[in-house]
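Next up, some structures in structure tokens.
Two complexes come next, and they have one chain in common, chain A, joined by chain B in the first and chain C in the second.
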Partner chain A sequence: MRIERRLRQPWWLTIVVPVLSIVVAFVLSAFVLLLTGHPPLRSFHRLFDAAFTGNGALSESVVSATPLAFTGLAAAVAFRMNLFNIGGEGQLYAGAIMGATAGLLLAGSPSPLIFAAMIAAGAVGGALLAAIPAILRAFFSTNEIITSLMLNYVVGLVLEYLIFDSHSYLRDTSGFEANVFPQGKTLPDEATWSSWNIHGLVLPLGFVLSIAVAGFVWVLYSRTRFGFEVQVIGDSVRAGRYAGMRTRRKILAVMCLSGAIAGLGGASQTGDFRHQLDPRGLRSANYGYTGIVIAALARYNPFAVVLVALLLGGLQNAGFTLQGADFPAGLVGVMQGLILFCALGGELFVRYRVRFAW
Partner chain B sequence: MDFEAAAGEVHALLGENGAGKTTLSNILTGLYRPDEGHIELFGEHVEFNSPRDALDAGVAMVHQHFRLVSPFTVAENVVLGDHRDVGRSFFLRPRAIESRVEELSQRYGLAVAPRARIWQLSVGEQQRVEILKALYQDARILILDEPTAVLTPQEAGALFETIRAMAADGRTIIFISHKLHEVKAVADQVTVLRRGQSVATVPIVDATPRSLASLMVGHEIEAGRRQDGGQEPGEAVLELDEVWADGDRGVAALRDVSLTVCAGEIVGVAGVAGNGQRELAETIVGMRPATAGKVRVRGRGIRNGDPRGAIGAGVAYVPEDRLGTGVAPGLSVASNVVLKAYREPPASHGPILRTRRIRELAERVIERYDVRTSGPHVPAWQLSGGNLQKVVLAREFSGEPVALVAAAPTRGLDVAGIETVHSYLREAAERGVAVLLISEDLDEILMLADRIAVMYEGSIVGERDARVATARDIGLLMAGGEDGD
Partner chain C sequence: MKKRRFALGLPFVLAAALILALGVSNGSARTQKHSAAIKAAWIYVGPHNDGGWSQSHDKGRLYVQSKLGSDVQTTFKENVPEGPQVAQVIEGLIRDGNKIIFATSFGFQGAMVAAAKKHPDVKFEMATGTAQSKNMAEYFGAGEDAIYLSGMAAGAATKKGVIGYVVPFAIPEVIRHANAFALGAQAMHPGVKVRLIWTNSWFSPDKETQAAQSLHTAGSDVLGQNVDSPAAGQYAEKKGIPWVGYDSDARKFAPKQWLTAAIYNWGPYYLRKTKAAMGGTWKTNFYYGNLKDKMVGLAPYGPKVTAKTKKAIATKRAALIKGTFYEFAGPLYDQKGKLRVPKGKRMSVKDLYGMTWLVKGVVGSAKG
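And then the complex of A and B:
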């Protein structure tokens, strides 16, 4: 058996292979379900129902998918230039901190102003944090994977400090209970982001924003000079320098854009969903790391990122809903893992072909 | 393909790129298996299934790119591929290996310290280690693949003596080259390959460079020399004024280089590889900052270390490293065609790319320069070397340059590709472009250039008018010899 690089990649492969990968993942999941004594088809049906078709299920899944779409887009934007921003997690925290601060500060102002301020603050927070590994990479050739990853822990601890270990502006200090069980100050009602109800499907502002960002990224990367430069530098830095591109500036710009998108995710978490700075909730969700996987599955295509985020968000949501003795939450994790494994393994068949020769 | 070499003989394999020299040696060393036919060694039929088999039978090869482990010592590298006595034991016995290496190196004049580490050695010394490796394994047949490509003329001279000594010991040396004078200097017999066939095997005493060259190319070639004299050069376009620059290791690689190229003139820069030619090209086009001195285009200084400054001043650049610098390999042919022009109309309008215009531009280039590809969307890495170079040249010429820096523009191309590149360079000069041709191929420079500058250890050690320069004179300068005037 030999594996050789494909000279031509037929266009249909990029569709058939991922679809087949997911089918294979479900077949493997079926084995796992059988082994654990669950009827596979009925389990899939329940899962699908809880994720998408059930009453209000899709709306719930959209809420779960929103932060994943942002972190997925953030990763895709940077990875396209071979810039490995692993810091989406921390940049999302930074966006949440900034977004919550803006929402609290502007209490009493008209809602649209608060929304705009929270969005801007979230983006700036994420971008500023991403600027640190960006500057280190551009001017000192530091490995951005390590620096951006390490900053996740730093910001994670800052997040906890703000709520658990200090009397910060963001912490709720109003009553006795708040001192025993520390939590973030609740945002004013006017800072709750709008949502739109379309025939029973609730679309929060954050999700709509993520689609807008996906559109922006698509145009930016496929139709502009900026995107062209990103493609060239991502393929070969030397070719970029040769063509007179300013590679340092591009590193700064792309990293900050990536951080800003992750930061938007943090602001949206605060405005759409949590309405306070919630360190435990944010830290346990692992949005940033899941986003990296989503970007890889979506082959860095921004619209595909939103779709994959919906799929994984739906699975997550179904996991919460069905959690119980007859459907352990771990099963959803196993399925997610299998989907990722098959999808990334399937990549091999897009780029290479396997020949059987003896 | 028939081929035969006797014991104790230096047998040269002569042929152009792609003639089959490397394939033949890969078959002899067991890397490839022949589809048909067989190999006989000392009268015995042999079959090699792996390089190991070939090595056991006494066939060893010194590759162009060395197979050495750089943090290891010479002795350790020598014993590395060995699976008999010392190499086979669990414990290394460095003293025994070192003394054997010492003995071999003295016997064949391969001066190298057995305890030195590979990274400390010069390229020439590393090659000696490769030869020692083969000798240590008692190779009776030694294949040397273009061994002089990386050597200075002095080192090459020493290598030839080693080759002679090995042959005198009854070993067979197969010497692969495309340089006629080397073959003439060292070989006893020469086999000329052309398109996968052995065209002729002749004793070297009966061969003349001219007869060999015609066998190689397949027709009588003109002694290449620019006879037309060209047009009178115009005003000075590209000027270097006492330029210094550092190499990749931080040591000065360009030392006080001053050079002028005029409009319509081709100036050739000759030299053995690694004497600052790459740094010269990169400094002119701004990819390497000059530490001192000035580069001027049409009298105006260009910004130091800024490729865009050079592009803006009209300096086109055909880089030595095609795939990776000259083109972005993963991007489409169309993208690579507009690699520099994407900033301006018609390829873009403000910040927006005009993808249809870009495709049209690429289609035009593909047609006009006869690029063999199935379309503008094909990723560049799929193109052959010659077609890739056409894309690069097309792009560089489309910018209407005033000066062109071409570094090793024909490296790795076949005869037709070389012809094409040469004709483009001549055409550019006729249109009044100042062309700086940097090449390790002296014949190419003698054929194209109006003026020849020779680089040695980062400096220009001499300039000659191409009409009166002789290969010997230039060769002497390249080797760091005295200025022959």
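And then the complex of A and C:
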């Protein structure tokens, strides 16, 4: 048996392979479920129901998907240029910090102004943080994987410091409740982001924003000179340089764009869902790292990122619905893992073919 | 180039559509099952078998299930992260028909308050919290009383007079627990020092092992803890130093070095409130259980606890129950030796919920 690279990829493969991958994942899961004494069909039904079709389930999947769409887009933007920004996690924290600050500072102003300020502040926060590994990479050839990853821990600790170890502006220090457990100040009502209800499907501002960002990224990367240059540099830095492209500038721009998108995710967490700076919640969610998986699954296509985020968000919610006294959380993890593994593993058959020849 | 990229993203779009389609066809064919049993649910921040806090609650759930049998259908959600996910988990539980929901971590409070407003027909029970409303009750146990007793066991066991105490967050709950532990240890071993290491997490076995190791190398010859996992106990067993657990009876993790632990017994409270929800007599409350009603208690002793220590603990326990003794009665001094509670004064539950200073003899910062 030999595995060799396909010179040409027939178009139908890109449809058949993922569909088959998902089918394989479900067959494998069914085996595991049968072995552990759970009815597979009913479990799958509950999974779909909890993720998408149940009453209000899709709205909840959107809630889980929103931060993942942002971090997925952030990763996709940078990875397309072979710039490995692993710092989405920290850039999201930075966006959350800046977004919360803007929301609290502008209390009393009209809502649209506050939203705009929070969005801008979140983007700036993420971009500024991403600028650090970007500058190091562009001017000192430092490996951006290490620097961006390490900054995640730094910002994570800053986040905790702001709420747990200091009496910062963002910490709520008034009242009995705030004394019992340190927490962030709650945003005023005018700073909680609006959402739209379309036939029972609730779309938060953040999710709509993520779709807009996906559109922006698509146009930028497939319809502009900037995008063309990014792809050339991504394929070969030397080729780009020979063609007179300014690689340093591109590194800075792409890295900051990536950081800004992750930062938007942080602002959305504060504005849409948490309404306060929530260090423990943000740190335990791992949005940034999940975003990398999503970008890879979506093969860096911005619209696919949003969809995959929705799928993964749904899968995450479904996990919590499935688990219970008679359904161990570990089994849910096995099913989720199988689905992800098959979806990613199936990629192999798009790019390579297996030959049964000796 | 451009075309190919689009084509590569396409399969996922199609796969998504397929999944959605499958789900829809399945969903329309579903039938609702109705049963007479009341549905009750628990939400845990860690695994249900963490050997500590969450497990103590799950024991309570199983108690309810065994007492009420087929009249109740209990379930739980474990490893629920604090944040937007909690609201989703609560909504899901309500959709599944749960009529009473017990949330067992302080970080769930915001979502519980919001859900209580939205669903007036569902009863909400919040452990360790502070927000009470018409359909949301608060409950906790005076863990400090039992922790004081477990501290006595630790104080009697130390030879060097240094005890290590692994603590999660620098919040009043944990500070009062650490204080009670130190006061109990001092009662058996005057002048004993209790060293703190903060992990900034309720449940984090690797951090807890690290903390235990640091405390041991810094000279502690007995370990205690206010965190949820038995990791420090496993370390203690390996190093041959006595260990005081917390939340649950975790003897099996350190059979030789186990001393005892302050444990919570939520079962009777859960049973009472579930029954009340069934019978329509449920009322909100701010319940603070104690040694007397057995919501808090001591786990069985390990082999290292001497008869003399057991007797001393039994005496103190009886006095605590009778009310002739209270560990947070003055005079109490803080770490710098300043008198915080004068003689003849007692701290109220509200004072305890806002305690931000450590008592004399505790080594570590009250700021984490």
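As a working rule, the second predicted complex is superposed on the first by the 355 of 358 C-alpha atoms of A that agree within 3 Å, B and C clash if a C-alpha of one lies under 4 Å from a C-alpha of the other, contacts with A are read in each partner's own complex, and residues count from 1 in each chain.
The criterion applied here is as follows: a contact is a pair of C-beta atoms (placed from the backbone, for glycine too) under 8 Å apart; a residue touches a chain by one contact, two chains touch by 3 or more.
Fair warning: this is a prediction, and the values are worked out from it, not measured in the lab.
Looking at the shared chain after the overlay, A:Asp278 reaches chain C, while chain B stays out of its contact range.
For chain A, the partner with contacts to more residues, out of chain B and chain C, is C. In the superposition on chain A, A:Gln231 makes contact with both chain B and chain C.
Judged by the touch definition given at the top, the superposed model places A:Ala239 against chain B, while chain C stays out of reach.
Of the two partner chains placed around the shared chain by superposition, chain C is the only one that A:Ile15 touches, whereas chain B remains out of contact.
When the two complexes are overlaid on their common chain A, residue A:Asp49 makes contact with chain C while staying clear of chain B.
Comparing which residues of chain A touch chain B with which touch chain C, the overlap comprises 231. The touching residues of chain C, counted against chain A in their complex, run 1-2, 4-16, 18-20, 22-24, 26-27, 30, 47, 61, 74-85, 88-89, 91-92, 95-96, 106-107, 129-131, 169-173, 200, 350, 353-354, 356, 367-368.
By the touch criterion given at the top, residues 285, 287, 306-308, 310-312, 317, 319, 321, 324-331, 335, 339-340, 342-343, 348, 351-353, 355, 382 of chain B touch chain A in their complex.
Residues 7, 223-228, 231-232, 235-236, 238-246 of chain A are the ones touching chain B in the complex.
Listing the residues of chain A that touch chain C in their complex gives 9, 11, 14-15, 17-19, 21-22, 44-45, 48-56, 60, 63-64, 160, 164-165, 176-177, 179-182, 222, 231, 273-274, 278, 280-282, 284-285, 297-301, 303-304, 307-308, 310-311, 316-317, 320-321, 323-326, 329, 343, 350.
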